[in-house]
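In the two assemblies presented below, chain A is common to both, partnered first by chain B and then by chain C.
And then the complex of A and B:
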């Protein structure tokens, strides 16, 4: 959205005498002040919980757990942003997680082993692929009703919320399906489901190189098209900041070691004598977080670079204008819901892998958390506005609050109250912020 | 043209989907317009197919399910109840309220107008059902409260002793961990059973906690008994106490599944003593593999039989207190403090541990094959 706000015709030099505040400085250089604010809020939340919990919140272990706990919601939130941007809503994602998760679980725990034999390495792939196809079909189906029949998405997905919850039950008559395929379980994190030390550093290094390449490429293109350039020092500072964040995150993930009991088992298996100081095996980036990163990159690419993504923003900004501009709005809406369905399937896979079981109530109320994450992250329900990194930050804020409150012993009812208040507060602040920005 | 075809296809698919649900015979829609009983005809439900018919003899027992959409009713409760009723020479008719409080009141009236001489009710709401109960008892028709309590002294209460369930699971855990640190995962805060269970758990461990033998480090309700939420909660508690916990008392098996996943990630599964109830397949598998200490089993078939037999006796003219095996259950309403004395049959649940896994296999609750499929090595799996 910042791209839209800052046009190349903006005056390079401000009128003399006007004092430059930090905010206007950031805006002039196309840095999303809203995002900066959110990161600040997130850090503040972390520090407060760290102090209240007596120093357990900002530890590698808790941050590692937090990242895994956030993944399932954050994956769906990236899709919900696009749905909301297109002036629609999807209330059925929680129930879809139930149905798709249940189907994937029944496949890998009961159907496929009977067909292919227990432990067949294709089992997890087949169930995942079937799940993703099912998610896409459900999404496309709901999207078609919205786009071609013209039933409001609120109604269609409200119906979906009931229908898919019912199907989740019918798929296994309400039973709990467990355990999941051994390889499939890795998708959920857990003690084995992470990348390890070396792999994590490699991912971090590649990400860092990517950030630098984007910066360089961005400068080159801006110069080519005659756009205003950021001061060199600022671009360097941003690049360094990005790298520090990425490598810092990898360092934190690598500072969380395999729990002692598991390390002992590992030592025994490998025939290593147990050292006095204990065996410290870094876990590294958990697979669900890696999936989230991949999803974020893909969704960011779709939203910012693909015609499909840009169409969604145009439709959300002004549907009539989009139609007149020749955009196939209906097909775009169907594809948006289809994307959402695929993300729901990925999220469901992470959830059942993490729990190592599928229960008929799987995903209950998750639609609310996903929508809340997108909205806290700056998506406007009136359409046209929203960012994918914002949604992930929103999910992280929500999960930080929830996990933090459990850590310091706030009871379940009060947790709900706090989350509800934060949701409204965040949107209220955002609304005021936008209004002031508009009148400025 | 193409678009219109799409639209028609979409609508068709939706209709097929809806009918598919009905075809299963279970009611998935809350409010359940589809199950509205018109002209006094009770709804036929799966398993009960063919049993809901015009009254034949004089002795008819009417059963009002609040929501048939749960595996155990069709699989365990209803066949046992029906068998007991038919063994007593009576006819079984039933209706399903589809989770609607209003519908259930209509259902009870319909059952009575169909000639039921005893009504068995699995209440959706323990208070909203009271007008229907009042109307039945005014007509001299005895009412049996099945599984869930109805706050009316004229009802006959048949259930498992939930306080005892809590006590039994805590006994097994406390036996294994007489000193050490405890987490307690309670169920939904709005469900009275969570507190019944906690009361039973407390009767075993609270004295030890006061004496300082054990320490209850953490204790909280879990919204909707959600296993995923239980997993996150246990992860956080383990972080907060640096894994220094010896026992987790989980009030049911679903939450125990979440706790087990959290323990597994720390390599503590099988080391930390874990409890549950319901005898879920996954939980029994954990018991067999030594990952869960106990799952308290409430045999739904025994409950169905007890209610069926009581209904037959009541239909034969016995008063509530005349029914075999009854006792008095005093229920105190949490808000008003009003006490209700109920004539009741409270069945005893059985704690399933590695020692008596044979019981669930012999009773065909679970097959030995399923039980042992995840590495169990004891009892039936040996």
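And then the complex of A and C:
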């Protein structure tokens, strides 16, 4: 019930009173207060590390690297959210990254060149497609055991964690496979794997136009159906905020220049004389981030606009109700794990492209980072609750903490301690927040 | 209350239905029927087989044997989806709502409206939900919050709206008022009378003999998986129905002494 009880003994003038009214204002206008809080936390982390590191955190160079490091985990976290929402878990994603990454690497570094000729432009595409299909098959296989045999997903994917790690080793007998196909390497970002200045501004502009179009279309639709509209100024403010974030991000990415030694090589290649002030070549949006953006849009679309997504949420909310509503719940579960497998393959591609190599330990422990990102982002392990943007923010929070600690010189063991504490703390705060929200 | 016309073809006839679980007969050779504009009370103690019988009609349970006729035509119902195509809608005792999804989402669960692109058409669903709810419970306004945050009566409203909006002709209500307060119970009763007046056939499963006596036209009594009998409410007293429920004897078989012992 949305009725707020007014207590006669407590006049509504205190600080908590005004805070509650801000919260209810946001809720009334369908703004996720949780997301607002998480963005605040993220900014706070950035500012704190910026101060502690003597001003090296909020710099184009660090933010650019942070975005690339976050991508591999965030891509998988968007799928993990749906798995968790459906009351399941996937502990095998880290090992799957190993197996799928290894297969893609062996294909493009050894098998396909022998088959199709060295330097064939199709090599990277075939390798990627095979990887995605393999990921989907592994996911569907594990999902089928969960859905049709009824083995708990914790057990199935715990088995998978061992099995796929083993296969990652067996695929190349533990060898390190390198180098990757030259075009494939671009998927990992790096000095060449970025969009460049002009392309980045174009993407930013298109994104801005998209945000405005969504806002306008939303208002038009709500007016057509006679639903309550947000105040005009709020919609405008949200649109401006979205555009500022997008264009600000593009500006940051464009403010990171090719390092001098690489720029010299570039200048030599292009036959440009080396200018006195140095050559400043903006890198722009790295490809892994573009891939993450595309994945986010696709997963958001699945979660919010398709029946498949609605069914995942209904299964998480009440499996019995989903069955009684005539939903094919088993098939939905298989498809959910399959989606997870596809995302694992995409993430594995980004990882091996970035490393320019595949090792049998690729992806080790990533399942925990992915699950942690989803959970910090608000996914409830009891099912039914979770959002895609939340998971990405969760991944960003985790990665920010980690790279921030590296910047200020915290050792690896202490980093793990801190990350573990933050994970539990985040969920504890969320649990208390939810309990309060439920009793309000 | 006007008596429905029970001379024509019944809306539903379930003939010789049997269900057993590992050798235990949960339902054995039960035959019941339901006419348009009628409320049939289905009563019996715990484990009498009421819910199991009704699940064979709603598609949640497969029958071992027996036939179901709708409008006199034999039909095969093997899933909730089948039942819904015949206009059979069920309101379960648990309400079967997805707690994390809002009212329109629940009302259209499994039967979502989509745009021509195949995406969910939330605006149209919300509009339709508001229309149906405006008829059933005009006070209801919380269309945007997960049903977990609604009161018991509001949740019941969502469950009923979910059932009736698809032009249901046969409504199965399993203990619809068990979790409700007096005011909300009265609201649901009023709703049932309204739906009955609109020509729906309703099967009401209830423990509450008062509920059944207030609403039902006929009463079918089950005991240990078997049908004791079906009686017109106007022909029997509450004690006689209690005798059917407890000792399994029809009004004409039961003795005065046995009736007195019921209150002993």
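Note that in this section the second predicted complex is superposed on the first by the 420 of 440 C-alpha atoms of A that agree within 3 Å, B and C clash if a C-alpha of one lies under 4 Å from a C-alpha of the other, contacts with A are read in each partner's own complex, and residues count from 1 in each chain.
Note that in this section contacts are C-beta pairs under 8 Å (C-beta built on N, C-alpha and C of every residue); 3 or more make two chains touch, one makes a residue touch a chain.
Bear in mind the structure is a predicted one, so any value in this text is a computation, not a measurement.
Using the contact criterion defined above for the overlaid structures, shared-chain residue A:307 touches chain C, although it does not reach chain B.
Touching more residues of chain A than its counterpart among chain B and chain C is B. When the two complexes are overlaid on their common chain A, residue A:141 makes contact with chain B while staying clear of chain C. In the superposition on chain A, A:385 makes contact with chain C only, while chain B stays out of contact range.
Of the two partner chains placed around the shared chain by superposition, chain C is the only one that A:323 touches, whereas chain B remains out of contact.
Shared-chain residue A:281: touches no atom of chain B or chain C. In the superposition on chain A, A:252 contacts neither chain B nor chain C.
In the superposition on the C-alpha atoms of chain A, no part of chain A is touched by chain B in one complex and by chain C in the other. Chain A makes touch with chain B in their complex at residues 53, 56, 59, 61-62, 65, 69, 141, 144-145, 148-149, 162-163, 166-167, 169-170, 173-176, 178-179, 189-191, 259-265, 330, 351, 354-357, 359, 361-362, 364-365, 402-403, 406-407, 409, 411-413, 416. Those residues of chain B lying in contact with chain A across their complex are 3, 6-7, 10-11, 13-14, 17-18, 21, 24, 26, 28-30, 69-71, 189, 218, 220-224, 226-228, 231-233, 235-237, 239-240, 243, 253-254, 257-258, 260-261, 264-268, 271, 280-282, 285, 374. Chain contact summary for the complex, chain A toward chain C: residues 1-2, 30, 221-222, 224-227, 301, 304-307, 310, 313-314, 316-318, 320-327, 384-385, 438.
Looking at the complex, you find that chain C touches chain A at residues 58, 60, 79-81, 84, 90, 92, 94, 96-101, 105-106, 109-112, 114, 118-120, 123-124, 126-127, 142, 144-146, 148-151.
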